[in-house]
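The structure appears below as structure tokens.
Here the chain labels run A, B, C and D in written order, and each chain numbers its own residues starting at 1.
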Amino acid sequence: MAEWTLSAALNRALIDAMENDPRLLVYGEDVGRLGGVFRVTDGLQAKFGEDRVFDTPIAEAGIVGAAIGLALTGWKSVVEMQFDGFSYPAFEQIVSHVAKYRNRTRGRVDLPIVIRIPSFGGIRGKEHHGESPETYYAHTAGLKVVAPSSALDGYRLLRLAIEDTDPVVFLEPKAKYWAKEEGELIADGPEVGEGRVVRDGDACAVFAYGAMVARCLEAADMLEGEGVSIRVVDLRWLAPLDVDLVGRSVRETGRAVVVHEAPKTLGMGGEVAARIMEEAFDFLQAPVARVTGWDVPYPPAALEHRYLPSVDRIADAVRRVVSY
Amino acid sequence: MDAPSHWAGTAPVRILEPDGTAVGDPDVGLDAEQLRELLRHMIRARRLDRECMALQRQGELTVYPPFEGQEAAQVGSAFALNTEDWTFPTFRELAAALVRGVDPVQYLWYHRGTWHGGPYDPRATRFGPICVPVATQICHAVGVAMGLQRDGADACALAYFGDGSASEGDFHEGANMAAVFGVPAILFCQNNGWAISVPTGLQTAGEIWKRADGLGFPGVRVDGNDVLAVYRVTTEAAQRARSGGGPTLIEALTYRMGPHTTADDASRYRDEDEVERWRAFDPIDRYRTWLVSAGHADEDFVRTCEEEAATWVAEVRAGITATEAPPAEWMFDWTFADPPVVLARQREEALGG
Amino acid sequence: MAEWTLSAALNRALIDAMENDPRLLVYGEDVGRLGGVFRVTDGLQAKFGEDRVFDTPIAEAGIVGAAIGLALTGWKSVVEMQFDGFSYPAFEQIVSHVAKYRNRTRGRVDLPIVIRIPSFGGIRGKEHHGESPETYYAHTAGLKVVAPSSALDGYRLLRLAIEDTDPVVFLEPKAKYWAKEEGELIADGPEVGEGRVVRDGDACAVFAYGAMVARCLEAADMLEGEGVSIRVVDLRWLAPLDVDLVGRSVRETGRAVVVHEAPKTLGMGGEVAARIMEEAFDFLQAPVARVTGWDVPYPPAALEHRYLPSVDRIADAVRRVVSY
Amino acid sequence: MDAPSHWAGTAPVRILEPDGTAVGDPDVGLDAEQLRELLRHMIRARRLDRECMALQRQGELTVYPPFEGQEAAQVGSAFALNTEDWTFPTFRELAAALVRGVDPVQYLWYHRGTWHGGPYDPRATRFGPICVPVATQICHAVGVAMGLQRDGADACALAYFGDGSASEGDFHEGANMAAVFGVPAILFCQNNGWAISVPTGLQTAGEIWKRADGLGFPGVRVDGNDVLAVYRVTTEAAQRARSGGGPTLIEALTYRMGPHTTADDASRYRDEDEVERWRAFDPIDRYRTWLVSAGHADEDFVRTCEEEAATWVAEVRAGITATEAPPAEWMFDWTFADPPVVLARQREEALGG
């Protein structure tokens, strides 16, 4: 049985997709000769040549803007923003063009562009290297946003994102790049917008994505010992959100906790909480709890562990919600 | 006649003097019919531009950005491109759009508030969507040029932008990437002296065409009110681009005769004398005078152009005023190729369907 | 009794603030000679000179970045982004620097910067001229975000924002620039983060800000006729949010509706709904309803009225919530 | 010795040959003691730089970006500034920070992961926070220069940035605004040949110093491994800036001897021979050779510098290794001047009371 890291699985997804589609390009800063600072594009340039895999100047707006022009000429792009905090220079191109182009051209121009962004914290990185940008992109109408939580799922989701004719912001949890998972890489599976139950339970539904999913599973083990069984849901897609799975999970458990690294205010937790009310108000037996990063800038390495939702904080929230 | 400040410095490439006398070789490779075509385009463009001002006053358009005074810059450059070439406009390139064969009624949907930037088919026309976030379209044109380069196509991509837009970071990122990759792109700046109320002198302390040198590719400054000169430099840039010679930056010196848009009151920041002085530089008078004196056309031809243009403009007016508000469905139909369930429900809620 | 438009009131606020503080600067695109496309800076350059009120090149990142340097040398800035959609080129400077500078310098460097942004829709504008950017900024830790709903309040809030030593994103409802209000301009009043009840009622609390407040008041009149009295709350500050007022209003009415122009997903409605659960779950008798823009790009002038929350949509939501 | 590709083109201003012989006038206005001071700074800087590499390997720093090879560029430029002048670094300007009097231990808090970019006092030192989003700091320096201009201060602001950073829009916006407003700013580009794995040739097709001309202000190219030449061009730029002459763009040609950071494996994209060839251009050897041969210093002085540097570096090491993790309060204390109620409650929740 093969063992995959998220980095290797994503690398394989790119290779397989490029072999399937000769008009798929991969470019960005240091993705060529170096193979990306996280090695996700390792070996691609040697394999597919400098025309299809290339380094660009340090110009994020230029990179994303170019992807639009390339799409107009029938080239699909997977571009990399080197880190979450460095996707911001491209914000105007992403929000004003990538998200709106199909709509403003009355469906005549699809933008099959995947914007890969190594995201979130947990790697003792410097400032601007631990941002959780999902709210910025998921709030933007016209963008699809996905964040895998594991290697095998990451492979599938990246293939799915590349297949999609709409632009997809692909948020890769840096903290999981080197985490291993056993199994085979399989491209097919659930569609865009489908979350998954990674562990079932009936006392409370816990929603998470990216690196927080693993923490929720740890919390689940801890709580199991206390006789509290929780359902852990990996949302995967932050836009479109799997509102049906969210609703069903709360109708079946009556309680919910949402976990994410991003600051609390206007994070996914608020959106999920609001959806829960819309989908399952009468089943709700306790207020939805949000276990999130604080409303402060991402802290330096020395304080990271005091900022990120810990297993204890997650478990405490569940206990509070369950005993409400 | 003393040209205003933004023309100071390096003398631009010029073939025709403002008074219509030729100072350079007027043989730019166009036959008499094509030469007449240039005038026809400019006359039609100006007629339609003025009609649009009227349409806006009459409430048929929401806001309109007139291009009067810039006909030569737009027609001369657009005419220099082949059908396979791409063009990326700002919000003021209606004249270029006409030359590129974009349907004026669909184009004006934008200014009527019927739909957004790309109501016409940007692929079929190879004319990009009307672009308002200034300078962003430069990066799109460079991306197209990257695609053409990979396809080994015998084509290039031209991006229009203004003197003010050239202050944006996207100008630099796009121009630099074009140079590094040596792609077939033309960065065509219409320096019309103003960015809304801000004169070019407050946008840059240098000459825009010179920026190319610092990025390692050729730049040229041309009299943007001289349609022959604009045609020539654009043709040269396009040929260089298509033959692997990389990008070119063209700074076309022209002047915005009207307000920034119909919502703008130019009297708040510039005096009418300046505008009046500019009449002497009118691109259409200049070219017509030369065309007739050179014997490529007679006054009859000019009159016919005017009449034909009048009828055509009337048709466009009829077409745009007859354009009805789009159905609310349009709001939902194109955000995604496959509307997610959440959006589908919103659609139902909104349309009560 | 004087009559003020929002544009005139904001213009006066700038004049009074500049007279009070000789180190306050006002700059941006077309704010000098022209006086701003909405005339908010009309006459300032003539009054205070080109050193203190000036036009910049079209370079939003440069404008915001310069404000940081000016703050380091003791100059306060009120910068204008000409329209909501044109604040995006400055996103990196705003998120990576303006929001974080005080924190990263351990409180040694305050950034007394006000970023004025004519915002929201309702003026039959072209694309990129009707954006509701509040989520982008209110989610960003380190920024304060405020949106006035009327002329007199706008005067006070702009004075307050300028007085504040922290950076404030000031969202001006374009649709209200020319709306008139009678009364005197008064600088003092509630503090940063305080919302206000603009109309009291006991059947349901309706939360809004900017131009939507007036629509909610219209809906209130309509509902009054049906014997339904609603409390209309003008949130004013989107960050920090007046969670106490939100909580109290729902504890007292038991029902809530949130109204905004921004797309629903991850809009303020979700955050307010989540806060309501945290603050008043046991008092909540119906799910919080969100009346918002759709999850699509802002439409062209011809369809604006089908996108923006209408008085009818607001009233319907209240009826649904009240009869739940 | 053939310099590598990114030195090709226009010959840089140079006073000392790589072998230490003077080809230009070595009298840059510094007396013997100051000349020795330059060497002292470079020796200390390199010692500390190498110590930081060790500290990182030993787990005392999280990631560290070495500047070996760039000592002359940083020391020469920083030494040319007055106390009233401001400096805005990237993440690789520790040598400049030392010259500007920044406390090395507080500076290293950043690389230890103790706190963010500005642990030292940016106002007291007039040395801006360590800046990672490339090119953004250029706009901050220009803003400071706008402030100095308004205060009529006899001072200027210098922004460091790299060859790769110069591809960002913020470089263009900052440089253009500096020129338009004629502010006392110095844009100092250390072209060290690499942007992580990308060689300068893939960042630009031109010569960076030439970009100034296109924006209407002076640019100069200098041998960045020649501390005297760097000192001279920076002094000239600073004098011009302080006396109302506006901004200057300086391109200092140098070389990054080490990896991009300790997290980088340079062997993946460049061969060691290139690095070895560069030893011949070492800025410290070059300067020491000249200093001694010119009789401004003897080998004793050099030895003393080395010894003194060793002791000083040991102190810095002791200081940084003794630095404890900050209290969690710090996470909440400075987001706002007055923490809003919501944040105050989060603080309680996080700190437990």
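Things to note:
Just so we're on the same page, a contact is a pair of C-beta atoms (placed from the backbone, for glycine too) under 8 Å apart; a residue touches a chain by one contact, two chains touch by 3 or more.
What you see is a predicted model, and the numbers here were worked out from it, not measured in a lab.
Farthest from subunit A in terms of Cα centroid separation is B.
The interface with the greater count of contacting C-beta pairs, when B-C is set against C-D, is C-D. The distance from the centre of subunit A to the centre of subunit D, with each centre set as the mean of the Cα atoms, comes to 36 Å.
Annotation: 41 Å between the Cα-based centres of subunit A and subunit B. Residue numbers of subunit B whose C-beta contacts span two or more other chains: 115-117, 133, 167-170, 172-173, 176-177, 180, 202-204, 330, 335, 342-343. Residues of subunit A in contact with at least two other chains: 57, 59, 61-62, 85, 88-89, 92, 96, 100, 103-104, 127-128, 141-142, 239, 241, 265, 294-297. Residues 51, 56-57, 59, 61-62, 64-75, 89, 92-93, 96-97, 100-110, 141-142, 144, 164-166, 192-193, 239-241, 243-244 of subunit A are the ones that touch subunit B when the two sit in their complex.
Interface residues of subunit B, counted against subunit A in their complex, comprise 86, 115-119, 121-123, 128-129, 133, 136, 138-148, 150-151, 157, 169-170, 172-174, 176-177, 180, 330, 333-338, 340-343. Subunit A meets subunit D in the complex at residues 29-30, 32-35, 37, 55, 57-59, 61-62, 85-86, 88-89, 124-129, 264-265, 294-297, 299-303, 306-307. On subunit C, the positions that touch subunit A within their shared complex are 61, 85, 88-89, 91-92, 95-96, 99-100, 103-104, 127-128, 135-136, 138-139, 141-142, 239, 241, 262-263, 265-271, 273-275, 277-278, 281, 286-288, 290, 294-297. Put simply, subunit D touches subunit A in their complex at residues 62-63, 91, 110, 112-117, 132-135, 164-165, 167-170, 195-198, 202-204, 263-264, 268-269, 325-326, 328, 330-332, 335, 342-343, 346-347, 350.
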